[in-house]
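Both of the next two complexes hold chain A, though its partner changes from chain B to chain C.
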Partner chain A sequence: MSVLAAAPGAPSVFDGFANAVALVVLLLEFGMLRASLLRAQVRLYAGQSLAVSVLAVVVAVGHHVPELYVLAALSLALKVVVVPLLVLRLLRDADAEIAGSGALGVASEVLISIVVAAFGFFAVGVLDIHSNVLPTAALSLSIAVVLVAFILMVVRRDVVSQAIGFFSLENGASLASLVVASGMPLILEVAFLFDLLVAVVVFGVLMRTHQRRSQSLSTEHLDRLRG
Partner chain B sequence: MTIILVLLVVVPLLTTILCAVASYRVSAAATVVTGIAAFVGAIVLVPTVSAHTLTAIRYLRADALSVVFLLATCFLYAVTAVYAVGYLQTARDVSDGEEERRAYFAQHSRRFFVGFNAFAWSMMCAPLVNGMALLWIAVEITTVISALLVALDNTEGATEAAWKYVLIASSGLGIGLLATIFMYFAGAQVLGQSYDLAFDPLLAAAARLPDTPVRLAFVLAVVGYGTKVGLFPVHTWLPDAHAEAPTPVSALLSGSLLAVSFYAILRYYQIATDALGPRFPQTVLLVFGVLSLLLAALYLLEQQDIKRMLAYSSVEHMGILAIAVSFGSPMALTGAMLHVLAHAAAKGNAFMGAGVLVRKFGTKELDRMADGVRLLPWSGPLLVATVMSLCAMPPFGLFRSEFQIVAGGFSERRNAGTAILVVLVTVAFLGLSLATTRILFRVRPLSSDGRLELPTLTVGEPSWWMVIPMVAGILILLLLGLMPPDQLLVLLSHAADTLRGRPA
Partner chain C sequence: MIALPLPLIQVLQVLTVAVAAPGVSGFISWFEARLQGRRGPRIVQPYFDLAKLFGKETLVPEGAGVFFRIAPAASLACYLTVPMLIPVLTSYALPLGYMGDILGGGLILALGSFLVATAAAETGDAYAQLASSRAKTFAAITEPVMLLVVFTVALITTTDLPYVLGATVRSGPQQIVRPAHLLASAALFMVILFETARIPVETHAGTTEFGMIETGRTFEHSGPHLALLHWGSAAKQMVLFVILLNVFIAPWGMASTTSLTAVVLAIGAIVAKSVLLGVVIAVLDNSYAKLRLFKITEFVSAALLLAVLAVFTLYLGGG
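Our next item is the complex of A and B:
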């Protein structure tokens, strides 16, 4: 429990709040893992992005980093509004509601994810990386988010869930960057976000191509290329 | 000189925009001219960066290491641009006549030229930007553009390959982003909370960086960017994408994109050796290199598809590069730098030759091709020479580079690593040369049922535009193998020096 013991005594209000938001991000990741309606999954992603934006504001207030307000606003506009809307439009066109069954049952998926998330949480904890902006537990949580996002991409067999898995992986990375790299110049942060937008457009184009070609969102038959 | 640096980053972007609006002929001409101009520009930079590091408008930077990778990219940009003209021309001849198909061709070729130039542009930016964060952004842009190019042919295979590629490579780069963040954290301990991850301050501070975050950043970078290099076990997208992309794009993917991603790893290596000493980063690279080489050598023995075979050969050569860097001696590092250039030329040529064969026989399956040397009087022999050079036969450039790598390995007493390298390269040689000999010299195709006949094909090349770039590639390989220019050797040894860590 060295992670939690790193901050001696009771955590400050700021630390407690930051940790709580980071935890919400992880819980929403689990929510995405078990959501069977694609629409619900996209909404959970929007909620997760919102939580990350809120955390950016919290850090901006708590540590007087005014650039983070801009970042929070941009990430709110892009990740909470634009990206989910794009994906939802695709879903409407594709006329698909329910994600195909994953490679595993929901219960096993969640169990595996808990193990993986715990591994990520404690593995980063023992690395002893201290940040003077956010409590270390938030960093451990962000790595757990990234790992669970990988599980999501691995077990799901439809293009929307896999894409959402990747987008939420990026949310995990944003969380980590808030914890340990909040001083990064704004221009780089904006470039990262812009890059994400380009990636989203490309994901969208490819999802659409796939859907037109196979009349479904499933990746089940994407197994012809081998060897 | 800084103006050339800026032009190299700006002009291909302008060409991209031009291609979005211009007609087929204008786009083709602009692409070829830009490609050749970019190669000339990269050559002009060589003497300057051998003397000192060049920076421009704060966010651009070129040193010997980056120019080596820039040369490889620009050379392939030039030759594949010429090749693409022939590649599209043969497609246009087929679609001549009907109005509908002509409209389809116009749209297809426009998308191709826009994507092609944008892809080359992003790969030229990656080695020229100043800083870990910008480097990540450039590499991510190469991913998304090339994913669209892989999907361009709009076949079932292309769609599948593009989806796998964009998903796997983007996830890999997600790990690369974590590496960037941890590197930022490490740097922040010395340089203060707000800085922009530029190379020079980071390198100057490298010795004082805290151990654990640098270690973490390096391993994450090897796995993350390694996804795009095609290192085992995150190489799985590579054969699919290389096989399904249009041939000029396959050549760029293999010769240039993999190398540019390796460049990103080398930047992390540079900082990690300064911060941690050479032992840890070298061990990591050695493990990934040997595993990739092993996998590729075994897959090469039993391959049915000509483009997949060449893709696995790329995995093999990236493994060789990783092992070469892990040896760490000046000779092996210089060899590795030469290897980047020679591999770009050879693999570009091999894909272009394979593309001609695919056009001629109308299939990618090795079993259905035969008698290539007679049917293709130019590309056939050129492909033989190219494959020999890929197998590191003298007198070509790869012979010189691999010889230097092996000699460098023995000189550092890395006997086990070097011996494994030699054995696995020999296995790969066997696979590659057997398959090529079959399709080029056997008179009749060997199908699994043994009855398959060649369709009646006439002797002749599909297009001269597809032959000229191969001649250029072979000439470059001969030049690199027989008498590399002095300026180039100076550049290579300077690039190798930047990877050796600070002088003890």
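Our next item is the complex of A and C:
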């Protein structure tokens, strides 16, 4: 029966798998938006970084780009182990558990993020970029990750969520760089990773100073002008 | 090799669901009890319960109208109409298979639960009304999820016939790993957890009236009416399992010819697959706690998020 024939146009197995991994990155970003415990947020960040490393390995295997193994190992060591451990240690000193400080309710946050993610998908679709390494859907997904990370930073009112939002934004950026320029010189990728380390140090200092001066992690009373 | 006539296979599809459904429910509650270290009820216990209830008299609350009387039989009829439309035993479409698409099947399922909710509202019992109003509140979010899942199917296959999606999934691994398919399957699974009253939405065999949603609607029914309602909810669970298994995640092991052996093997296969899915659901039941009422909205809206993303990746990203 001709009507039962499979519809054409499915991406290849490799593309589909890469897309699915990129999708996991986006779903974990949404998870961070919903998470109300700070530790849960940090754990989700570690999981997201792991997904990005896995994608790097997938591209390395599928397209024979051996530099990407180095990148995957480095990002595994830094973003899955070192950064989350540092943030968790800072949290232990800060003695605060619950973020729960969103400017909006969880449902509205998720709705806004869906709209913003849709904008990201449309924007990439209009640009009509084609990559010979990864499918376009992964690029759309990485732009959506970056935009949702922005939302996370905008609506949350505590230093840790904002820091995690910034770090996961970097995850989205490295996902995009894997898609459009996986042959990028390794030194550039590593420079990105060390940028992240600088950001971790800056946010660590910010968290400690803020905690010492206001006895909380909330940024709510930073908007009052004082002479 | 004996070839069966197509109408007979069509009837067998309905009979398989009607007969096996209470058994699958019984298996899940038995397995769940074993996981908790209890001995648990016999697997065939639901059949004994049905026989016992059919032997009793029916009591109708004062003032209850015609909906209360017809809802049990009508809802069971709705749930047993759907197996004619979906691939239960065969991978090829049966004569009535083109009578309705997935949307039509979803509509008939929704009509069944609407009838039960109306009957509950007619009784004047506080708990039954509470349960039916809650069920409809959350269904306002799960219905769009079903629609978006159907849209995903339509975008993948360019039709919305369940047989075609099953054939598409069988056609190769590239159809299975594509994100849209994974997301739609996950969203459908979450809707099934809600519709069949499993953790994290409610405790399936709970006795706390305040926590009941699906199971609380039948409080005022008794005797054969209650038996029909129990049978109906088991049949609905089996129908949803069949849709998830034979259309989305495991469309293998179905008969591709009309021969007797193939059909008998297919009956065994669908029961075995449902039992396996039941194992997964029992493990989930034992691993999570029931959500508070207002957190259920977050659970169903997570399913909505998955379904929306499925349409996005497909429509805007080609994934």
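Convention: the second predicted complex is superposed on the first by the 215 of 227 C-alpha atoms of A that agree within 3 Å, B and C clash if a C-alpha of one lies under 4 Å from a C-alpha of the other, contacts with A are read in each partner's own complex, and residues count from 1 in each chain.
The rule we apply is simple: a residue touches a chain if its C-beta (ideal position, glycine included) is under 8 Å from a C-beta of that chain, and two chains touch if they have at least 3 such contacts.
A quick note: this is a predicted structure, and the numbers were derived from the prediction, not measured.
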| item | value |
| --- | --- |
| Side-by-side fit of chain B and chain C on chain A, or clash | fit |
| Chain B versus chain C as contact partner of A:V25, first or second or both or neither | neither |
| Which of chain B and chain C A:L76 touches, first, second, both or neither | neither |
| Partner chain(s) touched by A:A107 [first = chain B, second = chain C, both, neither] | second |
| Chain B versus chain C as contact partner of A:D128, first or second or both or neither | first |
| Which of chain B and chain C A:G16 touches, first, second, both or neither | second |
| Superposed arrangement, angle subtended at the Cα centre of chain A by chain B and chain C, nearest 10 degrees | 150 |
| Partner chain in contact with A:A137 - chain B first, chain C second, else both or neither | second |
| Touching partner for A:L152 - first (chain B), second (chain C), both, neither | neither |
| Shortest span in Å between Cα atoms of chain B and of chain C, once chain A is used as the common reference | 17 |
| Chain A residues contacted in one complex by chain B, in the other by chain C | none |
| Parts of chain A lying in touch with chain C, wherever the complex brings them together | 1, 3-7, 9-13, 15-17, 19-20, 22-23, 26-27, 30, 34, 106-107, 110, 114, 117-118, 121-122, 124-125, 135-137, 140-141 |
| Chain B partner contacts - residues on chain A that touch it in the complex | 127-129, 131, 143, 146, 150, 153, 159, 162-163, 166, 169-170, 173, 176-177, 180-185, 187-188, 191-192, 195, 198-199, 202-203, 205-206, 209-210, 213-214, 219, 222, 224-225, 227 |
| Residues of chain B touching chain A in the complex | 133-134, 137, 140-141, 143-144, 147-148, 151, 154, 156-157, 159-164, 166-167, 170-171, 174, 177-178, 181-182, 184-185, 188, 192-197, 212-213, 216, 239-240, 243-244, 299, 302-305, 308 |
| Touching residues (chain side chain C, partner chain A) in the complex | 92-93, 156-159, 161, 163-164, 167-168, 171-179, 182-183, 297-298, 301-302, 305-306, 308-309, 312-313, 316-319 |
